[in-house]
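Each of the next two complexes has chain A plus one other chain: chain B in the first, chain C in the second.
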Partner chain A sequence: MDITIKELEHLYSKGTPFERTALKDVDLSIKEGTFLTIIGHTGSGKSTLIQHLNGLLKPTAGSIEIGEFHIKSGEKEKRLKELRKHVGVVFQYPEHQLFEETIEKDIIFGPLNFGVSEEEAKKRAAELIELVGLDHSFLERSPFDLSGGQMRRVAIAGVLAMKPSILILDEPTAGLDPRGRKEIMELFYRLHQEEGLTTILVTHSMEDAARYSDRIVIMEKGTVALQGTPMEVFSDANALKALSLDIPETVQFIKRLEDRFNTTLPHSVFTLEETVEAAVSLLREEES
Partner chain B sequence: MMQNIIIGQYVPGKSYVHNLDPRAKLLTTFLFVIIVFLANNWITYALLGAFTISAIVVSRIPIRFIYNGLKPILLIIILTFFLHVFLTKEGPLLFDLGFIEVYQGGVEQGVFISMRLLFLIMITSLLTLTTTPIDITVGLETLLGPFKRFGLPVHEFALMMSIALRFIPTLLEETEKIMKAQAARGAQFSSGPIKERLKSIVPLLVPLFVSAFKRAEDLAMAMEARGYRGGEGRTSIRLLKWEAKDSLLFVFLLVLSIALILLRS
Partner chain C sequence: MSDLISVQNVSFRYQEEQPYVLNDVSLTVEKGEWLAIVGHNGSGKSTLARHLNGLLQPEKGDILVEGYNSRDEKSIWEIRRRVGIVFQNPDNQFVGTSVRDDVAFGLENNGVPRVEMIERITESIKRVKMDEYVDQEPHRLSGGQKQRVAIAGIVALRPSIVILDEATSMLDPAGRKEVLETMRELKEEEGMTVISITHDLEEAAKADRMIVMNKGEIIDEGLPATIFQKGEMLEEIGLDLPFPLQMHRALKERGYPLDSLTLSQEDLVDAIWTLQSKN
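And now, the complex of A and B:
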């Protein structure tokens, strides 16, 4: 399902002394199967934007099209529930949404709400608990006995169990240790590729953005400040600086390498592995 | 939905009412609650109404906020009104529907009681709308100060209140967040049969309680870490200043009370 956002505007507490513009003039189109990363400072409207994508927030002006679903200001989309079945959201600190007595029950909460049979839902729970890196014995345990990282994994399994075709991740690795961070991101990336998902990732990590995304959108003060492929975005160092955002470490490294060796490297090098490879081949060239 | 809850909903402003000393406002509200009961005829109720309405006008709080505060008790007011209309049998008979007789005294009583409730709620919401929770607490703590001698844990009470008030918006925010997370997983809170809706509260309440307890623990820890040992010898960063305008408020109130006493029948 393609996503098209047109002139989206959102005002919080509209018509009160607390009125505040969260989003304005957001135009964005996201093709099916894209891995899109949204970057921006706190308060730039990232979280507000993604909440529009499954109808949790309604635009105060503008429109959103998601496949056959249309969300417009002032109009009611009656099939919100159906839309939410297609759009899974992993919120910030998703472990705060756990509530059931057992982990299995919590994972199947979503699927059951969307009319999946209990048998099928349990099957999914059994698969997913392993997928997120916990074992079968967890299913019967209480989610409140787990460590923070494990709770996070269970909560993520609860969203994946709905089998969404669009997966929205709002800082899914915030507060995890580096290893857990990497494992979780690798899991999302694998799912993105294997299931052909459309993934929208909100993050502060330039490294994650560089590593996984097809497209990057940079939000600033409630609107889109910069967008493009990682190559386009990260080669515009001045624009990034103007937005006071960091360039990924790999890109910085490559830049210095280029200065030192007085050469130019192909500007598509963003992941750590690619960077290492580029550096190694450069050094080899030097030697020979 | 969340916007309707007015408790702790302070509306910033710089009006006369906003700038009053919280002690003055608290005492006035308290005294107002008492003198409301002095009114017993049309003229005295009109006076109370004039006082209430001018207080609201002077405060420049949009009428919508006052109305939102009234909404939850509107039903109670309407109910008391009709109870009085139908059950009080005083004065001349107004009309007779066969199964029900309406007397003039009943209608009067109904109107009076509803007005009394309306004024009470309006004035008390005005207090919370124009005073920050912290100011209310500091005001209460100083006002209740003398009772410490009788073993009343005034400081602890004030602290509990300020913590409770402080966390109302936080909890509301948290509720909204959890509601969204569960709605994204297909939970429905605002439609469907009553039984289903009641059941849908569980996925909301459990996480809310879990986080509230966790918050409480964290807060206690943070307070202790910063050396909090209770109220003994603790001074406040907020010093309340009683000014002429605060005394002026009591002049208004005194005039109102005297007028009420003179004009009541």
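And now, the complex of A and C:
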């Protein structure tokens, strides 16, 4: 399902003295199968934006189309429940939303609510618990005896159990240690590719944005300040600086090498391996 | 420099018959230093932090803070006055309805006279550069601002040690910078001792000294520059090396060993330049 957002505006506490503009003039189109990353400072409107994509918030002006679903200010979309089947959201600190007695019950809660049979839901739980890096023995345990990182995996399994075609991730790795961060991001990326998902990631990590995204959107003061492919966005160093955002270290480093060696290197370099390759190419040149 | 804190052969577990979360841990903290304690989630570093101000009691061993033993009930308040902790979640440590009230809370609990209290509140809020926000409600602040108010609340009690227990891990990059800069100034200007518990090795690289924890034990201790020589050990226990060190290692593996260890991108580019000129 393609997503089209047109002139989206969201005012909090509209019509009261506390009225505050959270989003204005947001235009975005996201093609099915895209891995899109949204970056921006705290308060830039990222979280408000993604809450519109499964109908948790309604626009105060403008419209959102998700496949055949239309969300428009002033109009009621009656099929919100149907929409939420397709759009899975992993909120910040999803482990805070665990509540059931056993991990299995927690994972199947969503699917049962959406009319999936218990047998099918349990089958999904058994598959998913392994997919998120835990094993079967966990299913009968209480989610509250787990470590923070394990709890987060269970919560993620609960979202995946709904088999969403659009997956929204709101800072899914915040607070995890580096190994945990890498494992969770690799899991989402694998799912994105294998299941052909549309993935929308909200993050502060420029490295993750560079590594996984097809497109990057930068939000500032409630609107889209910059968007494009990682290469387009990260090559605009001045624009990023003006938004006081960091450039990924690999990109910074390539730039420094270019300056020092007075040469040009490929600009689509975002992983460590590729950066090493670029540095080696400089060293090798001299040898030959 | 003299020992402010001395941890002597401390072992601890949350429940009997469960594995030890801290296993025979000994260390000292010197006055005026910035000590980074690194390790992955579950390595025991936060449990250790909670021992340093008497929130937890060791099962075996002793903890002395300026001579006060945390096992001695009468010492607990002396210890808590000396050791303040900034916790991970900025939303879980606010008690007041305004920045001013929040900073006042700890002072009231410690029975500081009103006139002195007002003075200390003003001074400590200024210290963390939150004076424009004294009457603000906490929920209107950013994460970094909340953590700075938490620091002000601690500073107002005039402690000798501030522990940052992953205090920046839930913040965005700007908030992280704010908090670390505030602490660095406090250390430089007031001689505060800082213990930073973190899994961010880039943050640890700027410390005076580093302790590496894994599975409840201290596995290494020393200057950051020395410990970073052992990149593989750090990666094995699940930590991410800073980018220049990762590059350094990868280049060595490809047959391009650089002379010295480089902690900054500038140094790394220089080292590559030097290597190329030699060829």
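By definition in this document, the second predicted complex is superposed on the first by the 288 of 288 C-alpha atoms of A that agree within 3 Å, B and C clash if a C-alpha of one lies under 4 Å from a C-alpha of the other, contacts with A are read in each partner's own complex, and residues count from 1 in each chain.
What we mean here is this: contacts are C-beta pairs under 8 Å (C-beta built on N, C-alpha and C of every residue); 3 or more make two chains touch, one makes a residue touch a chain.
Since the structure is predicted, the reported quantities are computational estimates derived from the model, not experimental observations.
Touch criterion met: A:Asp177 reaches chain C, while chain B stays clear of it. Once the two complexes are laid over each other on the shared chain, residue contacts for A:Asp246 go to chain C alone; chain B is not touched.
When the shared chain is aligned, chain B comes close enough to touch A:Met162, but chain C does not.
By the touch criterion defined above, A:Glu9 lies against neither chain B nor chain C after alignment on the C-alpha atoms of chain A.
In the superposed model, A:Gln51 lies in contact with chain B only, and not with chain C.
In the superposed model, A:Pro94 makes contact with chain B only, not with chain C.
In the superposed model, C is the one of chain B and chain C that contacts more residues of chain A.
Contact with neither chain B nor chain C is seen for A:Glu195 once the two complexes are overlaid on the shared chain.
When the two structures are aligned on the shared chain, A:Leu283 is found in touch with chain C, with no touch to chain B. Residues of chain A touching chain B in their complex: 13, 16-17, 51, 54, 56, 81, 84-85, 87-89, 91, 94, 96-99, 109-110, 113-114, 144, 158-159, 162.
Of all the residues in chain A, the ones that touch chain C in their complex are 41-43, 147-149, 174-180, 204, 244, 246, 249-250, 252-253, 256-257, 260-261, 272-273, 275-276, 279-280, 282-283, 286-287.
Those residues of chain C that touch chain A in the complex are listed here as 40-42, 88, 142-143, 166, 169-170, 172-175, 199, 238-240, 243, 246-247, 250-251, 254, 256, 265-266, 268-270, 272-273, 275-276, 279. Against chain A, the residues of chain B that register as touching in their complex are 3, 11-12, 62, 64, 174, 177-178, 180-188, 202-207, 210-211.
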